[in-house]
């Protein structure tokens, strides 16, 4: 085969398949992890019947959702109703094309030349990520609207307002990292952290807090889980969805959680870098492959997500907007100014 | 806004207290009881499925009268026995049916309280609560025969709490006593 | 939040004979001191108890719960200050006053009820309507229904019951303008008894559904209910089981 | 072109049927809402989905037969239901209850109050999005129900009292186990408070929500924690002491603003006071019979009697109308606290958001079994 075919078709296809498969498996097991973690915080055991210690539970859940009857409400807007789950799952998976989870690797010497294990590294990776993940809100709005259910509609509307208003401080929080790294490429940002001998959460602690809050709101998680607030809106925008379409909403939510976790790890905690990459005497830590450093950091972020869910009540809709516009936005703006001044003074 | 207030709003110590509590519980012992393998033994006075003993029953209908929702249906007839030696006639009541419509029962135990025999001829303290059925009407309509012979009924016949508040006497011993007296409890 | 400021604890009815003074003396078991003698022990009963307690000082006195219960008796309650005030305040409002178990019941004519309630709330401080209900006496001559209003005054924690007689074809004025709480109570009475309250803002059925046939708490409404076609799971008994039918009963007899 | 501008498109208020199948209506309550966006313009509670005609049933049961039916009113706290009924019947028949029976009744009633309040906290918190207190509170509730089961054989519908006393005495070791439990309870109450009381989200969701002033609360006939949350220090246990409540010491917590947060604090404090009452009762539990000498067949004379208890939800009263020599009440009316408290819902939620409706329904602590009877 000629080189370009392999380089541009075969390798990316293999990567896509592997990334998707692993991602979906991880997402499935995230649901299991969430149930277990919540259970353990709530003095109970959680799912432990399917398979050894319940490890096959997500498989059983997926199978159940697959074979369930796929209901479409009689008065629903059928086409949009079908479209909405696609609209939400596609961006959630698409952003994985730019997330670098490990440096270039030779796959333990299998390949002559090191290749990047992630799909691609584009120089506007961060912008692409923000833009694509913002599309997901259409799925939520359209899903809520097309169900022809008042609760779903309210869920969709809440979600629209929430996601749109939290994109803004989120963007500003990211800007401060871009200022520090001087690039929009995610790989470059990690490398900048290596060069600076400093993870960006130290200078960007405020940006981290803001980004994390916004991330929780973006993915509709407690304490900002208003669009699907079960006790108010009966699951909100996906009240009427069942079977596989419901599963897609579910997958998208968890995939988005993973995205937020990955971005936090990449932007603030040095991605795949081990702690203190410049300290030579910590070299024994290099035994752990970089991918696992990355996965561990993401896992911690996700655990905090679940911890939040197990602890906090839910904000009210107007209070959420209040926090977004009156607290997070000014804070993030101030943060940008401070970071910009710092960069200007230190780098000249 | 005072600066202190501003920072106390910014740094959510109140939220950390909650996180510490739930986080602490993550490592504590769990409360779950794994049902089919582990079971909680019902208390001695637990009111569950009916037990009934036709030999002890004196056909006084007090249980049926005490029932607030009239689910105990008793049919009887009187038989006249003639003593072959003395020729004396003796009336004897025979219970044809003793039906309990358990699907409507609210397990208030008033029938057991009303029963004048000792030990009780009808009792709910059988420690049995697993009565799920697939069918609503027939499966939960218990006749005399079914009441006396459902699985496990003899395992714990009548842990009737004595009025003085002590523990019920050993149920198995009581059963022996009853059979020794040839059903002559009344 | 919890600073203790004890509310005054008056006897349930200041007018009722105080029962606490006549407790038989009892040594050794202070916690077992009886105190819950019927609140409205009539005076002669109380005197008897006192005499008995004196006589039996040496012998262990019989506790009230070991003796036959002493049911309360009816008394005339014309001496009650609220009844007297009501008689003066609203002309012709008191048809009779009765005290039973320490609770005063004033019979009020049907037409005067709103006026009476307003007077009691505004002049006598009965700010709280505890309960409003009715009873059905289908065979009675003076009118089929009794309406009961059970009022409460916070200042000295006294309660007063008003009773009004309403015949089947009569209506009665609403007190929902006097106390907001009467709104649903009157709706319930309307639903259950069919008594119409004049001037009620939204007199509709509340516990049964719109279009329900009949008023369930009337005595002529069958206790088994009426056939609404709502029985999803009809009772099915095996042959020979179930409640005895009328024919079987006849056979048995 | 004077005059107000015509809107370019139709603006409609949305009608929303909140319930009867809704996770936050605590049963089969339906609230018909008129919404402007998410703002509630008008709320109309619709009840009766659970109407069983309990009062009608009472007219054909003898006094003791009624007691199992009372369990099913407020099925979360059955002891107070039983207690109210037997108190009314005892008042009617002139029966004096032995002190031991009175004390055991108080213990059961206060345990019932705690179990009801923890369940309220569980559902209230889960309505506001905090899922974890639900599991912690159920752990404690289970232990209380275990005590009930040991005493009378049932966990929920106790049927634990009779006219004239109690059917059973306490089993061996019950006092010790109860005492152990109530010693451990305050620690758990602290845990709930750690999760909620100072939590800024909880405060934001509850402070200033569903405010009702003291005058309005009295006008609406509110009783129990909703009335005390508005600052009225009124409790049947203090005002008309029944059983032996005049012999134990406890305080009545009250709120200041009459909002959801105050009612939350009032109930939390009430649980601690209940523990205090149980502790005193256990210490003073006298010996003696648990049943007064009552005739086998209870016959009333003509009269009207009302007796009420402070149920966890408010004043629960029973009114008997009897005829001479009757063995059953001619008419028995129940004053259900939830029914009357629910009436204030429209006034409390008007102008709030849908999310607050959930909080207000939670804070009223209604039980539909009692509302619909």
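Things to note:
Letters A, B, C and D name the chains as they come in the text, with residue numbers starting at 1 for each one.
The rule is short, and it goes like this: a residue touches a chain if its C-beta (ideal position, glycine included) is under 8 Å from a C-beta of that chain, and two chains touch if they have at least 3 such contacts.
Source: prediction; values computed, not measured.
Farthest chain from subunit A, judged by C-alpha centroids: C. Among the pairs C-D and A-B, the greater number of C-beta contacts is found at C-D. Separation between the centroids of subunit C and subunit D, computed from CA atoms only, is 21 Å. Spacing of subunit A relative to subunit B, judged by their CA centroids, is 54 angstrom. Subunit A and subunit D have Cα centroids lying 45 Å from one another.
Between the Cα centres of subunit B and subunit D there is a gap of 28 Å. Taken residue by residue, subunit B touches two or more other chains at 15, 18, 21-22, 31, whereas all remaining positions touch fewer. Contacts with at least two other chains are made by residues 41-44, 310-312 of subunit A. Within the complex formed with subunit D, the residues of subunit C that make contact are 1-2, 4-7, 9, 12, 29, 31-39, 63-72, 74, 100-101, 103, 105, 127-131, 133, 135-136, 146, 148, 150, 154, 157, 159, 161, 163, 179-181, 183-185, 188, 192, 205-209, 216-217, 221, 223, 225.
Remark: subunit B residues 15, 18-19, 21-23, 25-26, 28-32, 34 touch subunit A in the complex. Against subunit D, in their complex, subunit A makes its touches with residues 38, 41-44, 150-151, 154, 222-223, 225-226, 229-234, 309-319.
Residue ranges of subunit D in contact with subunit B, taken from their complex: 61, 64-69, 71-72, 132, 139, 146, 149-154, 157, 159, 167-172, 191, 194-196, 198-201, 290.
Against subunit A, the residues of subunit D that register as touching in their complex are 14, 16, 22-24, 38, 125-132, 134-136, 139, 195-196, 199, 201-202, 204-205, 353-356, 358.
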